[in-house]
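Next up, some structures in structure tokens.
There are two complexes below, and they share subunit A, which is joined by subunit B in the first and by subunit C in the second.
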Partner chain A sequence: MRPHFDPGFLAGLVFASLVAFFLVGPVILSVLAGVTANYQRGILESGITLAWLGRVFELYAPTIALSLGIALATLVATLLLGVPVAYALAKAPGRLARLAEEALVMPVAIPGIATGLALILAWGAVGEFRTHWTFILVGHVLFTLPFMVRSTLAVILAAKLPALEEAARSLGAGFLARFVTIVLPNASPGILAGSLMVVTLSLGEFNMTLLLHTPFTMTLPVGLADSYASMRLEIGSAYTLVFLVLLIPLLVALQWAADRATGAPRRP
Partner chain B sequence: MTTPIRLQACGFTHADGTCALQPTDLSVEAGETLALLGPSGCGKTTLLRLVAGLARPDPGGCVLFDGRDVTDLPVERRNVGMVFQSYALFPNLDVAGNVGYGLKIRRVPPGERAARVARMLAMMRIQELAHRRVDQLSGGQKQRVALARALAVEPAVLLLDEPLTALDAKLREQLRVELAGLLRSLRITAIFVTHDQGEALALGDRVAVMRAGRIEQVGSPHEIYHRPRTRFVASFVGILNLLEGEVADGLFRLPGGSLPASGVAPGPAVLACRPEQLRLDPSGTLAGRIAAAFFLGDRTRLVVEGAAAQPIVVETVAAAPRPGEVVRLAAEPGCPWPLPPA
Partner chain C sequence: MGNDRLALAALVAPAIAFLIAFFVFPLLMMARTGASGPDGLATYLTILVDARYLASLGKTVLLAGTVTLTTLAIAGVAGVFLARHRFPGRRVLTAFLTLPLAFPGVVVGFMVILLAGRQGVVGTIAEALTGERLVFAYSLAGLFVGYLYFSIPRTVLTVMAAAEKLDPALEEGARSLGAGRWRVVRDVVLPGLEGALLAAGAICFATAMGAFGTAFTLATQIDVLPMVIYAEFTVGANIAVAAALSFVLGAITWAVLAIARTAAGANVAAAG
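And now, the complex of A and B:
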């Protein structure tokens, strides 16, 4: 049998490749610059090196560590706050709860800079807090919490949890028992998707963090801006590489988790 | 252990003011199966939820288990077994996990728990499904798991909300027989909700017919069918022929002839009869023409026109006449009977 040849498919492939290259091309160039010994002379002439990556870790290790720390702390905070809130919203009847669900998109619509300014206005004068990393944490929690709540809420609503809980109650399970044995396991795909989203957003958040940070409390993207502004181009580019290596696995996992959370019947 | 149930003046009003159940009295004897029968939206699930403790009756209402007031006891502590309309199996647990859930909550030691789960699965004949995920079960299997889960905790009362409705006709018939046997052998007090009159009559020791938030009649299946107290019960349970005519000289005169009518006051009247209370009889006093014949396997359902103002439904086990033929009908003694009040 002759393989079927479809010119339309070929044209589509070419077009998609062009678009992809247009989008990804600059990133590839930047990453290449990060492993080029001397950008002025070009990668072919000067050769490949990992030295710039080494320099990035030397200069920005505390920044990377702090950023990971803030991301984890943000995750813990949004889990502790967001999951109960989603559960309460799912159970609450009435218009107020629906209004609250709608309001969850608000922080996404407000520019990060505005939220940052508001935080500085509110807390800027409160002594040590302004220069402490928890100041950034507050901003990140504010920014990411709606994502956790919405992702968890969607799964709770789809899982018909109220009916499952009534069944658990009829079998004698009190609130805590059924929250642990029924609610959490059945909401877990949404909680997982929300968690990955929160970590990814926290690691990548730039707008608000740029305002909130101090020289002692820099996060990953703020450090990236700093490296481009004050270091050799190769160092900034190597930094981009580090950034991508940290974020891309998260994004892939996020995609997978989101598919699982919204996907039709789960497979074994 | 068998527990009698009593409801006293139990009504239920939703937050939006919808009255789902008028204040209702009802008692279910120890070990008895009560079928709650009624059309969609009449308040069957509501009544069941009040008994379960998933909802609280309006002030003044009172639920008694074994003479003890349990109105303030939440469902967790009422020790009821419940089979939900949609089964509500836990998708995060396998079949054995579902069946053993109540035992785990009650902190039954793992060894004993496994043994009891195995016994329940054997009783429902689903041993081989123990480690199956619940989303890989057929409707009938889900129904068995839901029943096993409810029975595993040895509840004081068993509450079933339309347990067979989601199944196809054949399986429904089969599980109905099984369920009847199970309820009889367990001797557990059970309330069984259904909107299928056949199911209610077959499974209930007694049947409560509901309509628009109230119970119209409670009685044995025989009473409900043969001595309906209201016109609604008469027409909801089984097929009912309504005959409009005039009573005079002990005869009920109809367009196609007459039927005997003893003990009915003379004058215009609407009398009723069941299909099986009429028979084809060449010497019958009522004549009509066959409009349609439906072969039901063991019998044939005939629709006879011209005998009364409305077509009459008659059933026969003998060779059925063809549509268009003229037939004569005779009535059993005591038929037709006066309709109960609306």
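And now, the complex of A and C:
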């Protein structure tokens, strides 16, 4: 390690700090604006208030509830669909598994607005589906499933599952018993990291949801766009504050879980 | 053994069925709708010849390209710096640099408004200095700032992870052979990071091409491709053109990611 008075180190530190300032500065401004009585006059002159947060709950409470509900439903669906796929991909022979993985990841490689439009064209006219919240759920599952599969697959591949399973099989454990008692516990760090990722992404998804939503199914990010366009800056800020309060703990947990998932399977 | 094969197939079946019903089938429907307008299949040609759509496509590619190069430069320097040095406050700095990691485009747009909008700080500072209020949030410049804001965190993470894996002995060796700081960066560090930069750049480019929330928040006059698609679909009710444009946009982002994945070899995690 080189000493800290190295000019290269100082230049790097200043540069990184400036970038950090660019990224964090607006967040701080937004949080402050959300509790400022009058942003134009400033927080010092006009004082602190929780009134804007109150207004947000009056106007947008249903969007918050809907987004949380959809995020949880998306999580359940990706767990049920994704974890078995990750296990199968880890066990199946090379080329076919690679191809299946490729196909599964495709929805993330295509912009949300395109996928959303395609969903509407294919399923928009089918009964009440278009106005039901499950229409948005389908889009979110499509978009988040690859993250669950990848995260779980990585951990399963790193753990020495085949040997453990072979041992269990020789002791007479059937497929289901092995899946529940060996695969799931060993894959749990990856499943946890994937779960947090799925919830975080679903909670913030906008590109696709803007097309998929209807006046009856407005999610939090769509509500945010609505408030930015039609409400005072203070209300938009307060609403953003509510969103950040939901999002940031998830991000912190995600970082922790991801470190744990990649660090867990230490090689001997 | 045969039983296991069957069990594996059964495990994959629900996801595959879901994918076929809600992804493959809709994409096929969209491709068909793209050819259902008055021009028929020629709609796909029209959008590549029509001046308005072509200009929009060009503008979007140019913006995404500029954002990608700028992001790689900024995140590359910051990421290598953080991976290389241990100092008090490093964890906090890293946390700050990756804070907006999962901010949706709409929120990023709002951050740009707070920076450079009508009531933004940049405007206030500029007014105090020059007497003139600087407002650039509601333009292509604002979108550029927004996409940088969005892309830097994830690229910093990718660069950091790759730089941690570089062997410091190689740099030490180059230095002891008399290579200057820039030679070391050009001949040792950059080649070592090539795969990560390629992967991160492809994700950055594809995301900037298809991102929608930031432009939607900032202004309706910014005619990047996703905004044109939205306008054609909602205001113009020109569904065939919207579908054809979506198809072309999806093909571009998918191809960019696929090429980068092949070139980089490693896992190119897809765009958020």
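Points worth noting:
Quick note on the criterion: the second predicted complex is superposed on the first by the 245 of 268 C-alpha atoms of A that agree within 3 Å, B and C clash if a C-alpha of one lies under 4 Å from a C-alpha of the other, contacts with A are read in each partner's own complex, and residues count from 1 in each chain.
What we mean here is this: a residue touches a chain if its C-beta (ideal position, glycine included) is under 8 Å from a C-beta of that chain, and two chains touch if they have at least 3 such contacts.
What you see is a predicted model; the values in this text were computed from it and never measured.
When the two complexes are overlaid on subunit A, subunit B and subunit C sit side by side with no clash. In the overlay built on the shared chain, the residue A:Gly54 is in contact with neither subunit B nor subunit C. When subunit A is checked against subunit B and against subunit C, the one touching more of its residues turns out to be C.
Looking at the shared chain after the overlay, A:Ile182 reaches subunit B, while subunit C stays out of its contact range.
Superposing both complexes on chain A places the Cα centres of subunit B and subunit C at an angle of 100° as seen from the Cα centre of subunit A, in steps of 10. Legend: residue contacts after superposition of the two complexes on their common chain; A:Ala100 is shown touching subunit C, with no touch to subunit B.
By the document's definition of touching, neither partner reaches A:Gly69: not subunit B, not subunit C.
After superposing the two complexes on chain A, the shortest C-alpha to C-alpha distance between subunit B and subunit C comes to 7 Å.
Residues common to the contacts of subunit A with subunit B and with subunit C across the two structures: none. Touching subunit C in their complex are the following residues of subunit A: 1, 4, 8-9, 12-13, 15-17, 19-20, 22-27, 29-30, 33, 39-40, 80-82, 84-85, 87-89, 91-92, 100, 103-115, 117-119, 121-123, 138, 141-142, 145-146, 150, 175, 200-201, 204-207, 210-211, 221, 224-225, 228-229, 233, 236-237, 240, 243, 247-248, 250-251, 254-255. Here subunit C touches subunit A in the complex through residues 3-4, 7-9, 11-12, 14-16, 18-19, 22-23, 25-27, 29-30, 33, 74, 77-78, 81-82, 85-87, 93, 96-107, 109-115, 119, 121, 149, 152-153, 181, 206, 209-213, 216-217, 226, 229-230, 233, 239, 242-243, 246-247, 249-250, 253-254, 257-258, 267, 269-272, going by the rule given at the top.
Chain contact summary for the complex, subunit A toward subunit B: residues 93, 159-160, 163-164, 166-174, 177, 181-182, 185-186, 265-266, 268. In the complex of the two chains, the subunit B residues touching subunit A come out as 15, 52, 54, 74-77, 79-82, 84, 86, 88-92, 101-102, 104-106, 133, 135, 149-150, 153.
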